[in-house]
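After the structure tokens below, expect a handful of questions from me.
A, B, C, D and E label the chains in the order they appear, each numbered from 1.
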Amino acid sequence: MLVARLIDNVWATRKAESLNGLKFMLAEIIGGSSTGQRLIVVDTISAGIGDRVIICTGSSARRMLEDDDIPVDAVVVGIIDEDCNFE
Amino acid sequence: MLVARLIDNVWATRKAESLNGLKFMLAEIIGGSSTGQRLIVVDTISAGIGDRVIICTGSSARRMLEDDDIPVDAVVVGIIDEDCNFE
Amino acid sequence: MLVARLIDNVWATRKAESLNGLKFMLAEIIGGSSTGQRLIVVDTISAGIGDRVIICTGSSARRMLEDDDIPVDAVVVGIIDEDCNFE
Amino acid sequence: MLVARLIDNVWATRKAESLNGLKFMLAEIIGGSSTGQRLIVVDTISAGIGDRVIICTGSSARRMLEDDDIPVDAVVVGIIDEDCNFE
Amino acid sequence: MLVARLIDNVWATRKAESLNGLKFMLAEIIGGSSTGQRLIVVDTISAGIGDRVIICTGSSARRMLEDDDIPVDAVVVGIIDEDCNFE
């Protein structure tokens, strides 16, 4: 999984039918040499802008959704505790 | 998923039988440290050149197509709203 | 999918039983910031050295083969038309 | 698989229901040109901070867990012997 | 697939139960702009240190093993012929 910070919401009115109702956010990887890489993630656990989160990618990401047929490859699986400090 | 801009159409007369009828486009990742990376995507939601889109990759990409047996690993799943601004 | 140029044939006499009969080629990604990255691909549509091709990777690549149990993660799925120009 | 060093624990009180009870750690890739890339991994074999470990990623990572429906894409599959030296 | 050179053996006494009996080796990608990236691979075709090999990754890698439930994401699928020269 990746450590990322949620930096904004993403709105896409025209999208795949099966994505309706999902919340998309822009995440930026923090820490390590991939810092600054960005990806769009689906959030189902009420994370907010500014939160440090754990991102799961690939086929495993679909395990967060109720339906395995949704075209999503990155989801927020956890919000890192504020007092959890690692460089 | 990735944020990308569609920059051109891609034509391939000789291709896998199962790809006939699909629309291929060249996309370039925008934003973050992967900016400038390119990939070919399948579009099924009538996106056009210049659009900022959400790209889903890997096995999840096949969820956009009606048939799981098509050799496609990247599809457009949404068109980002024009008034959705994020740096 | 990736845009790549086929640059050579690859011969491997000692290989997995299930790979016998498959044609392996060396491909180099062209265009965008991944230019110069190389991978070995399986070709089943009679592409040749010098051709610009569309490469499908991951589990989707196995969809080009008749058997889902073959250990292959990258295949040529199309040959880009010679008069298809994109920068 | 990747060679990485475990550098810290990761705590996330708010997370996917199915992740409860799993131990998350921060790993940093060592050796080769990906050195310094970081990812969060699940450990089920009692590895500790400072250990050099073998990380398995993607759908294969779920093979370490008893349940294929858990949204995890990276796990520790082995601890490299201390006297195993490679540059 | 990737072109890599096998550079060492990797020993991990403490590892996933299902990995017992498998031979792990350290491989380094050669050629192209990913040169120098390293990964740990499983070898089942008696490759040796110094051999140039073809590496298959991801879910396809598990196709080399008899059991789809083994947490392995990279395997040697072929040994490149010594007289096969490509720049």
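Keep this in mind: contacts are C-beta pairs under 8 Å (C-beta built on N, C-alpha and C of every residue); 3 or more make two chains touch, one makes a residue touch a chain.
Here's who's who by UniProt: A, B, C, D, E = EutN/CcmL family microcompartment protein.
Since this is a predicted model, take the numbers as computed values, not measurements.
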Compute the shortest path length in steps from chain B to chain E over the network of touching chains. 2
Can you list every chain that touches chain B and also touches chain D? A
Chains contacting each of chain A and chain E, listed by label: D
Between chain A and chain C, what's the gap in Å when you average each chain's C-alpha atoms? 31
Approximately how many whole Å separate the CA-defined centres of chain A and chain D? 19
Counting only residues that touch at least two other chains, what does the list for chain C look like? 34, 58-59, 61
Complete ring sequence of chains beginning with chain A, oriented so that chain B follows: A, B, C, E, D
Would you mind writing out the residues of chain E in touch with chain C in their complex? 1-3, 31-34, 45-46, 54, 56-61, 63-64, 75, 77-81, 84, 86-87
Note which residues of chain B are touching chain C in the complex, please. 7-16, 18-19, 24, 26, 28, 34-41, 58-59, 61-62, 69-74
